[in-house]
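A quick write-up on the structure given underneath.
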């Protein structure tokens, strides 16, 4: 049980001073500013709290003035709003959607059910702590927080992004074994999503000390490998040998 | 022994060699060398070149003579044959022979087709023309009939069409002989325009039917799709590229040289409102649109391309009949352009068939990762077929559009653009269901097509791209053909057309296009971060976990929205018309048979006596 | 027009087109917001979106053709911009006329179609099938209008068309001389933009934004850039053909934004046509108007 | 106090029910009739009501778990549009074999009700078209609605909890906010309400 604050977040983006880095620094500041000013929210209502989002988007509260737009597919989205109770069936889809999103991505747990189970804390069918399965950036408590609270939370997240503190998405790659362990504990050993998280961690060199572990080893055993089809020029070499299988 | 004789003798020898030892490994190299030699001879031949040999028939001299118009078509024929021989000679031919089929007959038929077409294209007078015409029909039949049982049925369906066409041409020949007294083309050119209107109309009707059948114009086009689609491999490419253009050669000779477009405009049905020229233009325009939208519904790649072959011939005839410099240049250039990318497309479809064993668009998909070069060939081919820059198809279509604009024919212009848009829709369906989308489990292990098939395809597509970027190269020969036909010659630069009212410079357009792609690539790879390749099952499906056994790639009803709107228009009226024609023939034949066989002798005796009495009384 | 001057023009014209396009996207979102009684996005929002999308750290690609699709989408429009004469710069408009421009504009959408094809996503393929049907629908009236315009001006060269219109001030504008064609052109340009009533191929609720379903990060950034170019190109063609092109920049900009504001102000109050209804509507009114306009022009 | 039926239709219903032996009926309200009968006679009752009184609508089958008497109680809610009366047929099934017959042949919707009861209580219905997993596709534990299944205990060992940092709670309380009963007191080792009763 790790508390939010003491998760060791190793961030590359804060290089030490010096002129060369000044430019890099300014560039990173600009990137962080644009990331904070343009957030695409995934249009995925996981639970009952989602009913508070339309009023936050439409004319009364208008999220667009903060630069937040609803987007339909996880590929296009930055924020995954997990609203309301997280049933085990929905949690599978939430994890799949989270892994399909492009990082830097952020998760906001709206409603108390994502914090600690909420009023469904006794239920055998709901996951209690969203933080076990996904790195969560921001919690907005309330048994459906009003749109003002939702927007306040989003503003808080925008501030964190601008300051560059909201890098929890790296944690999913760095401590994938911890998250996978929790997921396997709930869904069983042969739980697998089509996204190759370990491959992605290696590709974008986001590997941390705890990325691989016993749970990822378990995953390797049960996993049906999904290697992407590389474009191969499997040409029959010249001249065609008789014994070559046709 | 003039160079034209040499040309004809060489192709005669290749035909014999083809029949004799076509299945030998060395034959394709030999045939390739001879064909290249023929192309060089033909290209360097000073025009007009008369052939050495000739003979007398019913007192009329029969001789062969190659001019600019014939040479343009002959060059395309030889080029298409070269690509087909190279394609058939390689691994495709080995598997064809291993499959129990006769490779010697295929090579022989291919070379025989070339010989027949050269004879037709170099004909100096109507008899030589008819000999060439018959040979081409029969050689075409021989080539079509070798593809197996379905191909034989399609070829047999072609025979009545071909014979009807031949009889019509023969009728035209006899009539023109009786009216003008000569069969020599150079004299006919002076005499025929002087004939009366009804005579010209009859000549147009007879010759026109024959050429329309060979070219597959609208009412008589049904035989061409199954015949061309079911023919074996490279034969389809050869047939689709050039064989039906012999009909256009005939139309060029007839409409522009003999009857001349001005006299054509005088033959009016409704006193000056709707002339024969308008009729031909509208038949060509309908031939552009209707087959293209039939191709849209096909689910077999070969049939889709065969239907497009018919559609594109409409462009050529329309360009030719408009007759102004840009229009005819566009029509003739389209013959060359279509030959290049149609052959490349058909060869790429057969390369896919060589590997996956099927051409059915419903059972393929995602092959781009397995056959990238074949994908490149089909991609450039469909860009050419759809008539988009940077390929050559765009230049010839632009010329036709430009002439329609200058001549002020809005409805014809609309039909041509409708044809182009229909082509874009159907070719996307072709490449989407063959190369893009979901790769099937059973196709994960297939390999790229062998080099012997790739080299001719890539050469054809490269030729199409080069003549697209610098259309001037092909326009030289087109100008020669225009001069030979007596049409106004279009001034052109290497890049395209230079004129104050609207010029086209493909060098600049393609240059800017690729510069734009360069900047796009720079923006994409430079500005954007790194991207990772992912598996096809790692896809957004509304939170659903995809699995390999779920098939979601189909070609049926691909354009559902469009079909909701224009679906009811597909009533198969031409098929019904053909069936009606066929049953009328059957009825006639059975009547004749009954009369001939004296099934009811008493009845005939009675009729004879009654007629005799009536004649007695009347006289 | 020496070579260096031409090359600078070829570089500058797309940049100008992009910036104008950015502000057009902003205007579109502001109009939408005002119609829905909302505040609407801040001034540089489209730029923030594009910079953020390009600054994404992980992106998914389904293969080389997927990447090439986006490159062709952006590159095709960059090439098309150089053929559109703007005040002071003609690029290669002389070498390629109205007709070639109409075809070069098709290349980005076909490049995108190829890219989406390789994503192997049924939503994308359905979206592309609908997008091509919509293209078939709106290109028919567009081509009739091109015929009418080039017949009236007697030339296919955009520079001549602009010169012809600017000869006598507003009286010789295309819209003044060919009012019926101008209305038909407005209708078909509206359909070409693919905004609300004609947005069947990006139906978010139905097929998850159709072609853009698997596009994230720089792929989606490329499509946002393409949208800016698309808005600019559509309105620039209309202004060049019917509103006398660009005598000077301020006047040209006013015309551009006015023309693009018309479809935008109507878009956000409409639901969405089905694919076959897009065909029915666009092949009925604009085509009839276009043919009537052409008949008027030719007689 | 026996509530008398208002309309003569209900009177005829009364007469009809006499045909089933060992059946006790009691009017809960003018249009709601509770019927208690033997488990074996239930199909007969349903056939009777459906055939003779127009009870064509089976709105629900609900199940009550009586661990003390080691029985399940099944309640069939039947409704007739003519008689306009809701009949609630109560039967008792012994828990240990936990098998009863399905009335899918009489009412098609019964398949779903029975499948749901099977998943939640483990009561098997013979003849029901599909006794597979219905809603709890991710659950392979015991039927969760049985009284002897202690959901809270299962939750306690399966999940762990967010520990509240007293730090941020203190400054909220300093501002007068905060919660009244501390979360620890609400949760652990508190007697269950239903234990005292039996």
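Each chain gets a letter, A, B, C and D, in the order it is written, and its residues are counted from 1.
Going forward, contacts are C-beta pairs under 8 Å (C-beta built on N, C-alpha and C of every residue); 3 or more make two chains touch, one makes a residue touch a chain.
Owing to the predicted nature of the structure, the values given are computational and were not obtained by experimental measurement.
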*Using the contact definition stated above, find the chains touching both subunit B and subunit C.*
A
*asked:* For the chains other than subunit A, what are the connected groups under the touch definition?
replied: B, C | D
*Could you see whether A-C or A-B has the larger number of C-beta contact pairs?*
A-C
*Distance-maximising chain from subunit B - centres being C-alpha averages*: D
*Mind having a look at which chain is the central one, using mean CA positions?*
C
_Length of the line joining the C-alpha centres of subunit A and subunit C, rounded to whole Å_ = 35
*Rounded to the nearest whole Å, what is the centre-to-centre distance of subunit A and subunit B, using the mean of the C-alpha atoms as each centre?*
56
*How many angstrom lie between the CA centroids of subunit C and subunit D, rounded to a whole number?*
62
_Using mean CA coordinates as chain centres, what's the gap between subunit B and subunit D in Å?_
75
*Two or more partner chains touched - positions in subunit B*: 366, 368-369, 439, 530, 532-534, 536, 538-540
*By residue number and range, which residues of subunit A touch two or more other chains?*
73, 75, 92, 100, 200, 204, 229, 231
*For subunit C, which residues are shared contacts with two or more other chains?*
55-60, 63, 208, 213-214, 217
*When you check every pair of chains, which ones turn out to touch?*
A-B, A-C, A-D, B-C
*Taking the complex as given, what residues does subunit C use to touch subunit B?*
10, 14, 54-63, 65, 67, 70-80, 82-83, 92, 94-100, 103-104, 106-107, 110, 113-114, 117-123, 125, 128-130, 132-133, 135-136, 139-140, 143-144, 147-148, 150-151, 154-157, 160, 200, 208, 213-214, 217-219, 221-222, 225, 274-276, 278-280, 291, 294, 298
_Taking the touch rule as given, give the residues of subunit B at its contact with subunit C in the complex, in rising order._
365-366, 368-369, 375, 379, 383, 386-389, 394, 398, 401-402, 405, 408, 410, 413-414, 417-418, 421-422, 424-425, 428-429, 431-432, 435-439, 495, 500-505, 508-509, 512-513, 515-521, 523-524, 527-534, 536, 538-542, 552-553, 558-562, 564-566
*subunit B-touching residues of subunit A, taken from the complex the two chains share*: 44, 73-75, 92-93, 96-97, 100, 193-196, 199-200, 203-204, 226-236, 238, 240, 246
_Complex interface listing, subunit A residues touching subunit C_ = 30-31, 34-35, 37-38, 43, 58-59, 62, 64-65, 67, 69, 71-73, 75-76, 78, 100-104, 200, 204, 229, 231
*subunit A touches which residues of subunit C in the complex?*
29, 33, 36-42, 45, 47-49, 51-52, 55-60, 63-64, 204-205, 208-209, 212-217, 220
